[in-house]
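Shared between the two complexes below is subunit A, which has subunit B as its partner in the first and subunit C in the second.
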Partner chain A sequence: MTRGRRRQTGTAYLFLAPGLLLFAAFRVYPLLEGLRLSFTNARLGRASYQFLGLANYTRLADDTRFHVSLWNTAFYTVASTLPILAVPLVLALALNRGALRTVLRGVFFFPFTLSVVTVGLAWLWLLDPVVGPFNYYLRALGVPARSWLADPATAMWAIIATTVWWVTGYYLVIYLAGLQDIPRELYEAAALDGAGGWRTFRSITLPLLRPVLLFVVVTHVIGSFQIFGQVFVLTSGGPGDATRTVVQHLYETAFQNFFQFGAASAMAWVLFAIIMVFSILQFRLLRGHTEY
Partner chain B sequence: MAQRPVSRRTFLAGAAAAATATAWPRPGAAQSKATITYWNGLTGADGKVMDELIERFTRETGIRVEQQRLPWADLYPKLQVSVPAGEGPDLALIHTVEVPHFANDGVLEAIDEATATGKGFRGDGYLPATWQGGTFQGKRYSLPLDVPQHLLYLNVKVMKEAGLVGADGKPKVPAGRDELVTMAKKIARGDTFGFAIGTSNPGRYTWGFHNLLWQNGANIYTPDLKRAGVSEPAALEVAEFWAGLGGPLGIAPPANANCRDAFIAGRLGMWIAGSWNFTGLREAKVDFAAAPVPRLFKQPVVWSMPHQYAFPKPKSADRNRREAAWTHVRWLTDHVAEWTLKAGQVSASRKAHGDPRVTGDPVLKTLLGQAPNWQVGQPTPKWVAAENLTRPVIESIYTGQKPAKAAMEDLARQINALPD
Partner chain C sequence: MRRPRVQALVLTLALSVLAIVWLLPIVWVFVTSLKLTADIVRLPPEWVPWPVTAEHYQEVLFSSSRTARIGRAFANSLVIALGTVAIVVVTSAMAAYPLARLRFPGRDVVFTLLVGSLMIPNAVVLVPQYVLVQRLGWLSTYQGLIVPEAAMTFAFGVFLLRQFFLTMPGELEDAALIDGASPWQTFTRIVLPLSQPVLAALAIFAFRSAWNDFLWPLIAVNRPEMFPLPVALALLRSAYSSESYGPIMAGAALSALPLLVVFIVANQRIVEGVRVSGLKG
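Now for the complex of A and B:
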């Protein structure tokens, strides 16, 4: 490397230094500290702890509640991905043009401006089996009321519906940006060739939205593995363990069941590894060049 | 008169004297200006009452109180991590069952009896269960304020519609489990329910489950606190009844119903719930009657969970702040009748029990009448963790996901596996 080049690189690192320092202090250090704690029996608020080796990790193999929470998290991730991909896409296609599109975009984006607690409490009331409006109208229509959140068969689906309602606006905006990027000439050429709506969507819109789809899938899957707020407010993991996710279980281990930070850190690292593997897989599967 | 010029030496001496005079602590001066931090979880209507009382306290004593109020479930982890870091409050209000684990982890400062007595706090001034609840392994860590407890609420309108009122128009009170079920079945139809225990999420309401366990002579741990007692036959009998409530008996709302809203909306007839609900029911103008918790099993035990004042360990001792915190505890204990009347929480101190305003209130009178039957959680640092493990298990029983026996045996295994 020439002297001038070295100086240039040094200057670049100098500019990056503040950000890197903050990243190291508030991201890397806690991450590594968590890794260290995962090999101990550390408890929140206790100064002393012992090194346990891999005991926290091997114990996870026998922790049936952890297994259930892993399964629930996987189920939520798989079951919610299609609606999260499809609902905002359909809305984006509908709102890409039209007179009321600006107003409707705002309307659909509004739920995303609410905090997860607000959304959870609102849906908790909407789905209340005794005084909730959802069941009230079902009864008025002659349909028997259901305990959506207390029935193991429907509880996770209710959480998925709540999440779709909440985040649709966000993904809608992302899709709209992707749709605006597709050159109009391609549609005009397709129309001249006599391509119908479905053919145009399949051959132009969908392939050219691939980077956006990749972004949506990857961010949604990462977010799904970390789902907590909706579950915490709506069901606290219930009924029984029917909607207990990994982060809910981790939270309970760290903050409710005897402040077991060592054991909770081990769970967090297992979750981290799973997310890492899935993210790499997704990038590999969905990677591809977009050519116009 | 001609003014004499002030020399530099005189000026400096005078300034030093003035500075010394103002800096020297006068008796009471420092305390009157003290500001104490006070953490509590009074997020309901009782929080407003506490605000009013604290405002009066500050007016009268000059001591400012900075409150931090957050849900109990968030308050406790915060205390657990803040106090060792030296960032804890001067004073905290906690539940009795939290005392053992906080004491065990060195979060709370021990209160020696001589200091407590010197400040006017003596065991004979309190109901025994509440006073005893402030100790762990022979040492005192907290002083009781009040006694949140269970109560049976009867919705007069619903009971009337079901024909469950006496000749005097007052709702009938069930004498035992069979009668309660029979009466509840008369009420239950469509989306109206006969009986519930718990405010929201009755399926996972551990305090209600504890109440029934205690009534049947069972508990979370065996009496020697060495192993779980939840798979004992008496506990299994309670679990079977719990399963019945959620399903076969057909009298109680679903696991995640909001029973308080259902009671206010006239969709629930008989409701065992916390005493903290009654002021809200009055505000909502619900026509209700209150009765002691019925004896559903062997003994008429009433679940209670006294609030306790505790002094978290400070990083470094600050005598003025500690004295100011003591002054606050003393002041509120002296004014506990007002707390009882406005917040609806019966005082732990006997002082307010003879107050005619308290004895004249039918609900408070009922709550006081339950005093001989109060029971609290077991004094083990693992109690709260065991309670958290209990929650999803009893919900799985209530919703019929798991048979009672298998679920309770699994719970016993989980409790026994808790680390020391």
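Now for the complex of A and C:
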């Protein structure tokens, strides 16, 4: 029996070997190596470096551009959470029982198959202040044209709108799956008790959708704190530093301006810590009671 | 007609209108890419490209200029995405099989580690991954893009496939094992053929993320002939003045094409993959 057991263990790890090797070399090792680099003054193209202790981290405390990018990233994350939660949910509720469900779901999902650059280019053109169709139709409605992406008051909102358009389909599919899992009988019972639409939504749909909401929020927050592509294409972080984000700052610190791998790694770990804290908080807040 | 019927009809109608509006940004990309340069900036916006022209496609695909290497970038992206798909599907399937089907010490630890890694933000490993790839001499190479990309999707693949393997009835495997088939034979002859739908879903998922990834290739490639599409497109944009929307939109349309085709053919499959990815919540 033990020989059989041992053989099975050997077999199992042989099956696992290629994947675990890939995983160890390109996920685990870089994660830990990044932590180590964050305590050094490593630079691109320089072979040797010294350990600086916490210097990279204390320097971040004085780096005002880092603060601005952190603030922008947090603002983006918070401001986009409600639309990202609500828009796909409303669509999912409307689509759940209706005709044409599969086709419409496909239509809303389609933008999610596009690369962030393609999405960015499409919206850049759409929002063009002079010849873009969006401003043209606004003018036709009597709303004055604006340079949405060049105005610090609206640039981040334009990025949020672009992102909502891009990812709504993904969350829509997740919500629809969650709605399908809610037992029909509960709705029938509610209908018998004479509960209206809103009442049913509040006391059946919303509570039972809680794990799905948790998934959507956590996924969205992890993604949002890493926002880069939309900003890179739409605004390059401008106007001024109005849409500069943490990953963009990290990218420029490591690969564009200063080639400081140590400082950039410290930023990465600060970002990691923030994301972890947010995720744990959300688990605490939303896990709650899902039993019924 | 009863009232609920009317309501449902109105709802479907409203949703259909919204769906059409939802597609307008990408329709606009295709429409623009087919217009004559002079027609592109004409107001009011024309939603039918007439007369039609292929000049922008010709320019980005075949022009010899240094920036407009969309044709080459398209080929690069195909190699990278297909390479990633191959590695992800093989390694994830091999890893998911024992995690779902065999009992061995360390199984739960390995699985917990893999699922936990799904929470690691990619931005965190960016710099050290660059250092590693540079040390391997893989900058500006296909393997320098494929291997990290595959590592990024591997854990998700294991999760997705394990979920599926767990639900498969075990009788066929048992019969094969009793007949003296090795675990490897059982895996390749029985388990994999029965898993084709979920393998396809994973393949599409891996293709999508490799085809669309932007940040890693932006860093890991510095030779223009090795750029994948998203990087080439982003640079194409800065190469042209902002009025030259024609070639830029032709490039954007080309980048949307493969997944549009896959999507029309395999809509249901993609949705299934996404659906399972959400179950971990």
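In the analysis below, the second predicted complex is superposed on the first by the 269 of 292 C-alpha atoms of A that agree within 3 Å, B and C clash if a C-alpha of one lies under 4 Å from a C-alpha of the other, contacts with A are read in each partner's own complex, and residues count from 1 in each chain.
Just so it is clear, a residue touches a chain if its C-beta (ideal position, glycine included) is under 8 Å from a C-beta of that chain, and two chains touch if they have at least 3 such contacts.
Keep in mind the model is a prediction, meaning the values are calculated, not measured.
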In this superposition, the partner of subunit A with more touched residues, subunit B or subunit C, is C
Taking the superposition on A as described, I'd like to know which of subunit B and subunit C A:178 touches: first, second, both or neither. second
- prompt: Given the touch rule stated above, what does A:131 touch, subunit B (first), subunit C (second), both, or neither?
  reply: both
Task: State whether A:255 touches subunit B only (first), subunit C only (second), both chains, or neither.
output: both
* Asked: What is the contact status of A:237 with respect to subunit B (first) and subunit C (second): first, second, both, or neither?
  -> first
| message | Quick one: is A:46 in contact with subunit B, with subunit C, with both, or with neither? Answer first, second, both or neither. | response | first
- First (subunit B), second (subunit C), both or neither touched by A:100: second
Given the touch rule stated above, what does A:222 touch, subunit B (first), subunit C (second), both, or neither?
second
Shared subunit A footprint, subunit B vs subunit C, residue numbers 125, 128, 130-131, 255
So, in the complex, the side of subunit A touching subunit C is made of residues 5, 8-9, 11-13, 15-16, 18-20, 22-23, 25-31, 33-34, 37, 42, 91, 94-95, 97-100, 102, 104-111, 113-118, 120-126, 128, 130-131, 133, 136-137, 140, 165, 170, 173-174, 176-178, 211-212, 214-216, 218-219, 222, 225-226, 228-229, 232-233, 246-247, 250-251, 254-255, 261, 264-265, 268-269, 271-272, 275-276, 279
The residues of subunit B that touch subunit A in their complex are 73, 77, 80-81, 83-84, 101, 105, 107, 191, 193, 201, 203-204, 253-258, 261-262, 265, 267-268, 382, 384-385, 388-389, 391-393, 395-396, 398-399, 401-402, 418-419
Within their complex, subunit A touches subunit B through residues 41, 43-47, 125, 128-131, 135, 139, 145, 147, 149-152, 235-242, 244, 252, 255-260
Touching subunit A in the complex, subunit C uses residues 8, 11-12, 14-16, 19, 22-23, 25-26, 28-29, 32, 40-41, 43-45, 87, 90-92, 94-95, 97-99, 102-105, 107, 110, 114, 117, 119-132, 147-148, 150-152, 154-155, 158, 183, 187, 208, 211-215, 218-219, 229-231, 233-234, 237, 242-243, 245, 248-249, 251-252, 255-256, 259-260, 262-263, 267-268, 270-271, 274-275, 277-281
